[in-house]
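Consider the two complexes below, in which chain A is the common component and chain B and chain C are the respective partners.
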Partner chain A sequence: MRWSALLKRLALIPPTLLGVGAIVFVLLRVVPGDPIAMMIPPGASPADIARLRALYGLDQPLLSQFITWLGQVASGDFGRSISLRQQVFELVGARLPATLELAALSVVLALLMGTAVALVGSLLRGTRAEWLLDTANGFFLAIPDFLWALILLLGFGVLLPLLPISGRLDPQLAIAFRTHFYLVESLLTLRLDIAADLLRHMLLPSLALALPFAALVARLLKAQLAEAEDQDYAQIARTRGFSRTTILQREVFPNALIPTVALSGVQVTLLLGGTVLVERIFSYEGIGNMAIDAVINRDFPLIQGLILTFAVLFIALNLAVDLLVALLDPRLRHG
Partner chain B sequence: MSAILEIDNLHVAIGAANVLRGVSLRVEAGEVRGLVGESGAGKSMVGRTIFGLLPSRAKITAGCVSFEGRDLLALPDRQRRDLLGRRIALIPQDPMTSLNPVRRIGAQMAAVLQLHLKLSKRAALARAAELLTEVAIRDPARVLTLYPHELSGGMRQRVLIATAFACDPSLVIADEPTTALDVTVQRQVLQLVERMRQRHGAAILFVTHDLGVVAKICRSMTVLHAGRVLEDGLTADVLVKPHHAYTRALLAATPRADRPADALKPVPPALIESLWAEAHRLDQLAAARPA
Partner chain C sequence: MADLVLSGPITAAPSRWRSAVARGGARLWAGGLIVALLLLIALFAPVIAPHDPAEQDLMSAQLPPAFMRGGEAAFPLGTDSLGRCVLSRLMYSARTAVAVALIASALAALIGIALGLIAGAFGGLSDQLVSRMIDVWMAFPPVLLSIVLAAVIGAGLTSVIAAIVVVDWTRFARIVRAETQAQLARDYAAAARVLGLTRAQALRLEILPNLIPLIVTLLAVEMGIAILVEVILSFVGISVTGDTASWGGMITEGRQIVYQAPWIMALPIAAVIVSVIGFNLFGDGLRAALDPVQRR
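Entry: the complex of A and B
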């Protein structure tokens, strides 16, 4: 990607976020349900309710509420959560690392599984085994992540209780972490016992997220491998006496990878969206799980903060995918 | 002279279509043999059979291909791969698609040398630079670090020619190595192929529809039509006394000083179109040549 293209992309970020913010802000207030109604004790007087509304600025006209909120956000103040009575920024900051670690592990697992399936499928081309693999892959692709979460929960939590099915870390192992990136931190400080426990907790939810994504990667990559294998340069490698595996690894795979990354990279946003239900099912303390509580409680500031966080993640992800593609493809690197 | 490549009565079918119908062909050590015929005659299928690159639906229904005394079609995969790239090499038709777009020129050239000559990466790159110098590429060290898209078509074809001769093969199959190139570059590339052949002592099977090229560089020639050999012999003999009306038609389409290209004699209707295209191309070639 050229610098000018990159700058153009960066310049589009603020208006995108502004748009997302405005839509969420308006939608929240148009949809029935009111945060005050959720927090007042039964039998509160109308005067009390009015006072609470005024406290959270909910008595103001929509536009002035929006402008106030914008001004606060611009100065880094995302407001206070109504239900949790803490700063949104701190709440999200404490939970986001858990989600990022879970999503990252899922993506790594999915890439490993998807690549392996695609390579094996390519080597088996034309056999019955290839057909079986494709069929199985289609099955994995068809089942969405939250269903996998339930299946894994039943399978490995209940029927064959091998793995923990809730939470992020065994409370007995909890130490005073300096950051909220528990996995990264425990690996860096060589607390491998803690890292292992974190991974055990993450395994089922990340598998649920990874399985359909892995199937997608496998299907895309396998198709791209087949296409690259037909290209002249791959055929010419055969006239030079290289083995099929060498050609697959050196000529075909690097070329097939480029469109695969471009096409599947965007789908990582779906995986991130999937964390909402999957974290809920496994009581994993990330921002997805938090978002559901925020919605149940009509916690406007928290919902707004979380949605902006997701929007920033999606934008960053798309940008990262484009940069990665440019890195893999010398034709793009040189403009 | 002894034959290094001997194809005997080769039949290849793709589905119901008989693409090659009894092709026999000999290439002597060190000679340049032209393989001529219109588009679809089966010229590339001959090369593909030798390299084991026939389409998956294709079947060799009869015949034998022997290279340096060994039956190529019966050879186990590993031994066959040991010959390919080392003893038999290809100069492909389209330099734009024949190099891997995401690998550096140096890596692509060195890989062949490392595979067959067991050179270290460093030695292979040094040898690749020498080969690039042989094909008149200036600043070879820099070119080795470039990606294919940073080179012109003519440069890429030079790289491919250098790679073909890298392991001193005894047979190089050049499948229309100049058709995809600019007319002005075509002649340079032909000269280069000829120079590399002399230097490395290879025989060349030169696939083309250009009789002008055949007349210039081929000692012997084979004319293929619809999967069958129509003519076979020394170029001089075939061009002077063609046996077959088809060859005469091809010749008639080739411009000469004493006969303008547009004075085409009547030819079988099916051929007219391809011959016109050929004549037109030769016209352009002639126009580009300094008077």
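Entry: the complex of A and C
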């Protein structure tokens, strides 16, 4: 039963990706701006322009362009970026780790903050302070990541200049990295000065991404905690003399965790989508920032590659969350 | 007898309104107040704004707000780098925001509700089609999709609205589809069929009225989202052009001189935050007020 559900999900992935690819492809082909016009030197002859168009396959009919592209993508070739004149695959590969590190840090921060708020809220249940906490939480939830990015930039970059507001690493500290996972690599090779500087650069953007998500986790987890606390087993533990904190820790929290993961996991995709603007605001060199440049430069192959990358990440994340819930839930484990 | 029952949906007694407003509580009042204020400012901007929003006065550029040192009473919230009155531009931007919010969310709702109702009520092939479309849409980063769309259509208010509608119809479709299925499974829907209503009649007279609370709430939230999307597109440089004032445009301009004049960026951010929170509170309050489950 569960396996068949999983297989059905997996079977839907290729058509979904095909749909994403087709929509982006068609959309980009009706863009009025001409990507070739932006890369030719002044004074190029019409023959030169025609040659360039042919080089990028832009002289073919739409359907044959799409089929050619699909065939290339299937064999791992995402084409060449028009504005950066490199293979899309390499460009995305070099930038994706920056985004993944930022998103991962944001999720960790959000889970820590969200859990703390939910636990404090549960202990304050029924008091005036709980109402205050809920109201503040609603406020954090209502303001989206990119507005937090602007607020943090204004607050800690300009008014109280404590943290860097642009880039990924101080250029003076740049060393020859072997991978593009700078943070992971610097931690593994114990270059802690580098890791500290990377974290300083990541703190504001990841906080911007984390705050609304943390508020969501806090709201969901707190509701689940309240529900679990009213269940019989918690009540029984109470009558047997366990303290409220112990029950919360040992009985209620593990049971509240599963629905919280299930409900908030899907929202991680929103956080990932948020990197597009947050990276832009903090000039962080990830794929989100790159995507906006690609749109501005009308760089079709790069936009297609990036959107497909995001789509694959979104779908993979959703699957991962489902699997995680199945792993956490003892009732589903032996299904 | 049957005619009497089927002449229309059972309407709420007037006294229910009062109890609904009571259930909405402080959120409904606070949110409603902010939304009403925003609408009033948008409507009466030409009357209440102290200056023409496009009027440049390069002799008094980047003035701080009047309550700060160096401010002038003529420009209560200061001026931008072209010497335009920030307060007036904020007020005129409210017009842009309200226009985008009302038109875009209404259109997104219309498309989403129609597709959601069809998919939920008729099932089969239509449901498959709509559900697969939603799957594809959900695999897009929404921000990126709206940026690509706006770039395709070209800068301007129409482009912003189109981008919101094309991206956000799924918000309505998903929830309306699920709720339609849930309502159809209930006894009253079966009863309506037994009493001889066609499927379309049952949808219009019985199901749709029960979806209204949900739709109203979604609409309020969507208006807040629409305002945010306009800011996003401005920030990327593909929203309204030229002299049309918008909060997003003001934030983008302010970002360039944020070290010299931080208030130029801070004030429109504050306006966006207050509006978005207003719409959210209003939506929350409406949900509490209209939710038939909590009504019992």
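Assume the second predicted complex is superposed on the first by the 318 of 335 C-alpha atoms of A that agree within 3 Å, B and C clash if a C-alpha of one lies under 4 Å from a C-alpha of the other, contacts with A are read in each partner's own complex, and residues count from 1 in each chain.
Heads up, the rule we're going with is that contacts are C-beta pairs under 8 Å (C-beta built on N, C-alpha and C of every residue); 3 or more make two chains touch, one makes a residue touch a chain.
Predicted model, so just to flag it, every value in this text is computed and none were measured.
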Fit or clash - chain C, chain B, common chain A: fit
A:F242 touches, of chain B and chain C: first, second, both or neither? first
Touched partner set for A:Y233, first chain B, second chain C, both or neither: first
When both partners are placed on the shared chain, which of chain B and chain C touches more of chain A: C
Minimal inter-chain CA distance - chain C and chain B, angstrom: 19
Chain C-contacting residues of chain A that also contact chain B: none
Interfacial residue positions of chain A with respect to chain C in the complex: 12, 15-17, 19-20, 23-24, 27-28, 30-33, 138-139, 142-144, 146-147, 150-151, 153-154, 158-159, 269, 272-274, 276-277, 280-281, 288, 291-292, 295-296, 298, 303, 306-307, 310-311, 314-315
For the chain B and chain A complex, residues of the former touching the latter: 51-53, 56, 81-86, 88-90, 92, 94, 97-103, 111-112, 115-116, 147, 149-150, 163
Residues of chain A that touch chain B when the two form their complex: 126, 231-243, 250-251, 254-255, 258, 328-331, 334
Contact set on chain C toward chain A in their complex: 132-133, 135-136, 138-145, 147-149, 151-152, 154, 224, 228, 231-232, 235-237, 251, 255, 258-259, 262, 265-266, 269, 272-273, 276-277, 280-281, 284
